[in-house]
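In what comes next, chain A is part of two complexes: it sits with chain B in the first one and with chain C in the second one.
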Partner chain A sequence: MPDAAALARVARHRGLLLSLPVIAFFLAFFLFPLLSLFRVSLAANPGGTGYGEGRAFYVPGTWTLDNYARFFGDPYFLQLALFTLELGLLTALATTLVSYALAYQIYRARPLMKSALLMIVILPKFTNVLVLMYGFLVVFGANGLLNRLLLATGLVREPVQMVYNLFSVILGEIVLILPYCVLVIAAVLHAIDPALEDAARGLGAGPFRVFWEVTLPLSLPAVGVAGLLGFIWGVGAFVAPYLLGKPELYTLAVEVDRQTNWRLNWAMGAAVAFVLMAIIVGLVFVFMRLGREPAVEARA
Partner chain B sequence: MTAGVMARIGWVALLAVNGLTVCLLLIPLVMSLAVSLTPSEFIALPTDRVSLRWYTEFFGDFRWISALTNTFIVAGLTMAISFPVGLLAAIAFTRYHFRWRAAASTAIIFPLFVPSVVLGIGSLTFHRTLGIWGTPLSLAVAHSLWAIPLVFIVLKATLAGVDRSVEEAAAGLGASPLRVFWEVTLPLVAAGVFVGMLFAFIISVNEFIMSLFLSTPRTRTLPVVIWPQIRYLLTPIVAAASSVIIVITLLILVIAARLVNIRRLVEFR
Partner chain C sequence: MTSAIRVVDLVKRFGAITAVDGVSFDVAKGELIALLGPSGCGKTTTLRCIGGYETPTAGIIEIAGQVVNDIPVHRRDIGMVFQSYALFPHKTVGDNVGFALKMRGVPKAERRRRVAESLELVELPGFEARYPGQLSGGQRQRVALARALIHRPSVLLLDEPLANLDRKLRQSMRVELKLIQEKVGVSTVFVTHDQEEALVMSDRVAVMEDGRIHQLGTPSEVYHRPATPFVATFIGETNLLEGEVAAVEGGLARVRIAGERDILVGATPPCAPGRRVAVTVRPERIELAREAPAGARNVVIGTVEFVTYLGASASYRVVAAGGQRFLVTQPLADDRAGFAEGDTVALWWAADRGLLLA
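Moving on, here comes the complex of A and B:
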């Protein structure tokens, strides 16, 4: 009979062995692409169309900081970065508020309604982002169904411009990001011990006070996580600014596409993508520091 | 008394806000489906009769058919890559303790928090160096960056729900770990495993941004072909193409919902 220590040793190796494919995959197709991205952002740009012989997309083997110098020396790019940040924060704020309201409703709903609401929340995540944006344009566009209705009823004389503004971009992003935030908040709400709310009620607190003094404080960590998720995805916004916005509402992510796929300047595209990544990592770091400090105080 | 009134007002306001949110989530889908059935040349609801003319056009056009074929090839490959990788990792994380466990778990879900644009251009430069740029494999590998974490999360939750004493009983009766998994664990988690596979498929069918960067004229998927059409011309053919994606996704989701209880997503107890 093999001893327990030997068995444990085999088991430990078995766990690592089973995770080997996933580790290998992420080294090969996640880490290396990010390294490759950084490398290409330090290459000279081709200057040509990209399809000429030899000089395609970037000049291999060159090292230069030109792309970053151009980014930080050009008001156009700096303005773009600032707007992207602004949009990310606005999106995070709006999404978190809307998500909390919906998550709370899901938490309170009866089983059948709960399943239905969850299905509605998850559905957009399993649908193509383009389908969602198309549906938006079909309804709210200048030639859209809502404008047709307004014109037909004589309420307005000419089509109302409801898309291609900041509001429509944020609305579009909310639809894209909300599912994750709702799930995070709903999961934490469901994990709250029902006895705590019962106790508050038993002590004479009204429903509003139970929510304000018991449920809300207990779910605040989830609000923080949802806000962070909203911010991460809001800063990376690409589809909504492109389809529901206008050039003044374009983001860094849109610029990555324009540099890479339109100008065929992969080097500049990579540099912009790297700056975008750095902004996100930097702010997540700041948020986490901010989130940790009150917790430390509370413990002390 | 006043507190009760306040709570009542609060509840009504909550219902109103959530009603609007639900509309915002559902209307685009419903409208795409409805518009695809219009007999008109333009975007309009089918008021007097429905027509399949835009579907006829969709299935009669070489470009759309080839996009649909590409979409299925890439989704199949994504499933083939992400399912075994995700399953093995889920087994490792629910059944064994090992070194670098925490680090590996973070690494697995990390790609979900990197903008797809960054993943897209990173994969583009790397896949070109690697020589797989322009093949369906290149797209499938990128889609797996998202599919593996989700397969992993679903399968981990499913495997964690299995009563360990049943497995221990089988092992005690002399079954090897492989046999325990094959004859005891797998039948117990078959539904969850199947759902994990379906998720990988759906994610790939709907993924757009990475595909935009990685696809070449030979490997364009359905979303990539829809993209310029939405930006420049809004004909009902886009609604038909969108509806094809919606119907594929809905069919798969309905199957999945029959197999597992959706409420488990938020209720752990």
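Moving on, here comes the complex of A and C:
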């Protein structure tokens, strides 16, 4: 006969048991590789440069903080980190503004238009990231569609440089992040009880004040999430700076690639990757602390 | 004196559906009118047209003598209470109540004073700092009312304001709501599907079905002198007997009911023999005994089919010989047993107890 107490114990931990497969997957394919990488970031740099020297990518068995020391001692890396943060913030800001505007239009649209707009927003996700970025070049490049149109109409004499600058990098990032942010904001907007806006109108609020006093404050949590998504994505930006930017616009993520794949310095690449991760995790943590306080206050 | 609200031939269509189909009524200053009817009868759409939330397809809406058809919601002088109360969850009770004043640019100090006054009116003094999420249903209801009244609107619109409260609270809030409305003296349109609520609270009731008003009258009028079979059955319980006028003699109509004996009823409105009519008799206006006294009119013999004991009274369902079912309510003044299921009984009523619905 099964022991009743044992059964009760199992029942109490049922949630844990059910989540075991996920935990196992997470340990095997995320935490273990991550820890291995962290170990590599603490290994010595093999020295030398370039391919074909028949050397290791890091010196196994060594323990050192040299890679981190180099990162925080070298203005090149610090500059890079600063620019990456800047790009993250700019991307977050731009993405949030554009997605809010789009989500608000979707929220206000009639049913048919709503579906059409949602489709357009999600469309970029149906294609490959690289295809999307090269598509950018096809349209906005020096020999691209837009420039040819401008030249043909005589509006400009010389092709306009529209890519390989900060603007194109941010635009590229926005296209990549937008769908998630729009969906998050649109979902929260649609969850607002329409009677609240009706009530505000009935009490004398015109369209702008309804938005300012009711709609916007109630959708702020979504704005926060969208901003966070934009920031995480922007700080980790790789494809857009690499394909639509130039070396001055390269980020920490591009640097990880350069160290690892070009300079074959895995130890330094791993260290840069961990600094990048620390920045993201730290800021997410700060954001979540900030985001929680008012909510608790409002409910207490 | 001009009416506070005038609705003239209001029509509202949504695509192929006609939600409101030619509704007209006036609300006098300080009067409370209930729009009563089943769901989908157009009562809420009518209310939303008065508030400006819907644009009428046809017809005129006047508030305080001014046609408001083209005036947007936020410039109409209204206060509205929603079924869900629609309190702003991110604002305190004080900011909720003071919202209309803020929109009208009233200075902060005066706003604070009037918010306190308004909360006093709904018996929630000192609740300014709380959030709607911290209030009970009844308290939210009061806050919603205070918020709708603070700017002294010329019109108060209530959309099923008591529907979300439990039964006990609903009954006490009815009286309280009515008292506050009378104290403030605001002209009010009140939408409800609850006939008891409409009878208790309103000065006049508009009974609606399918986008039209069947009858507009005082609670007593719609109860005792229903204009149509729909009103008779929707307000309270009734016995509705359908038949054909056989003869009209001495102010009385003799109505032939299939399978039963003819029924005598006052011949108002006037009607000619051969016309299809309905006769309504309220359950409490029918007499019930083992045998009908000599000279009684409209006597029906039947068998008690079902007894509902209601404490102060009992209600009997009686099947007549011809198959027609009657509902009879009798007060239980003492502990006499009344009748049991299976008893053979006689029921009767005087001709003036019934009502002819032509």
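Following the convention adopted for this analysis, the second predicted complex is superposed on the first by the 264 of 300 C-alpha atoms of A that agree within 3 Å, B and C clash if a C-alpha of one lies under 4 Å from a C-alpha of the other, contacts with A are read in each partner's own complex, and residues count from 1 in each chain.
Criterion: a residue touches a chain if its C-beta (ideal position, glycine included) is under 8 Å from a C-beta of that chain, and two chains touch if they have at least 3 such contacts.
Note that the coordinates shown come from a computational prediction; the quantities given were computed from them, not determined experimentally.
A.B. asks: Following superposition onto chain A, is the placement of chain B relative to chain C best described as a clash or a fit?
C.D. replies: Taken together on chain A, chain C would fit alongside chain B, as the superposition shows.
A.B. asks: Tell me the contact category for A:F231 with respect to chain B and chain C: first, second, both or neither.
C.D. replies: Neither: A:F231 stays clear of chain B and chain C.
A.B. asks: Of the two partner chains, chain B (first) and chain C (second), which one does A:V214 touch, if any: first, second, both, or neither?
C.D. replies: After superposing on A, A:V214 lies in contact with chain C but is clear of chain B.
A.B. asks: According to the stated criteria, A:Y250 is in contact with first (chain B), second (chain C), both, or neither; which is it?
C.D. replies: neither
A.B. asks: Look at A:A200 in the shared chain and tell me whether it touches chain B only, chain C only, both, or neither; answer first, second, both or neither.
C.D. replies: In the superposition, A:A200 contacts chain C only.
A.B. asks: With the two complexes superposed on chain A, say which partner A:S19 touches: chain B (first), chain C (second), both, or neither.
C.D. replies: first
A.B. asks: Is A:F77 in contact with chain B, with chain C, with both, or with neither (first, second, both, neither)?
C.D. replies: Neither: A:F77 stays clear of chain B and chain C.
A.B. asks: Could you read off the angle at the CA centre of chain A, spanning the centres of chain B and chain C, to the nearest 10°?
C.D. replies: It is 80 degrees after superposition, to the nearest 10.
A.B. asks: Which partner, once the models are overlaid, touches more of chain A's residues, chain C or chain B?
C.D. replies: Counting contacted residues of chain A, the larger count belongs to B.
A.B. asks: Rounded to a whole Å, what is the shortest Cα gap between chain B and chain C in the overlaid structures?
C.D. replies: 9
A.B. asks: Let me check the overlay on chain A: which residues of chain A are in contact with chain B and also with chain C?
C.D. replies: 206, 209.
A.B. asks: Which residues of chain B touch chain A in their complex?
C.D. replies: Result: residues 3-4, 6-7, 10-11, 14-15, 17-18, 21-22, 24-32, 35, 42-45, 81, 84-86, 88-89, 91-93, 95-101, 104, 107-108, 110-111, 113-119, 121-129, 141-142, 144-145, 148, 152, 177, 202-203, 205-206, 208-209, 212-213, 222-223, 226-227, 230-231, 234, 238-239, 242, 245-246, 249, 253, 257, 262-263, 265-269 of chain B touch chain A.
A.B. asks: For chain A, which residues are in contact with chain C within the complex?
C.D. replies: Chain A reaches chain C through residues 193, 195-196, 198-206, 209-210, 213-214, 217-218, 298-299.
A.B. asks: Can you list the chain A residues touching chain B in their complex?
C.D. replies: Where chain A meets chain B, its residues are 11-19, 21-23, 25-26, 29-30, 32-34, 36-37, 39-40, 57-58, 98, 101-102, 104-106, 111, 114-115, 117-124, 126-139, 141, 143-145, 148, 171, 174-175, 178, 183, 186-187, 189-191, 206-209, 211, 229, 232-233, 235-236, 238-239, 242-243, 253, 256-257, 260-261, 266, 269-270, 273-274, 276-277, 280.
A.B. asks: Spell out the part of chain C that touches chain A in their complex, as residue ranges.
C.D. replies: 51-53, 72-76, 78-80, 82-84, 86-90, 99-100, 103-104, 131, 133, 147-148, 151, 157
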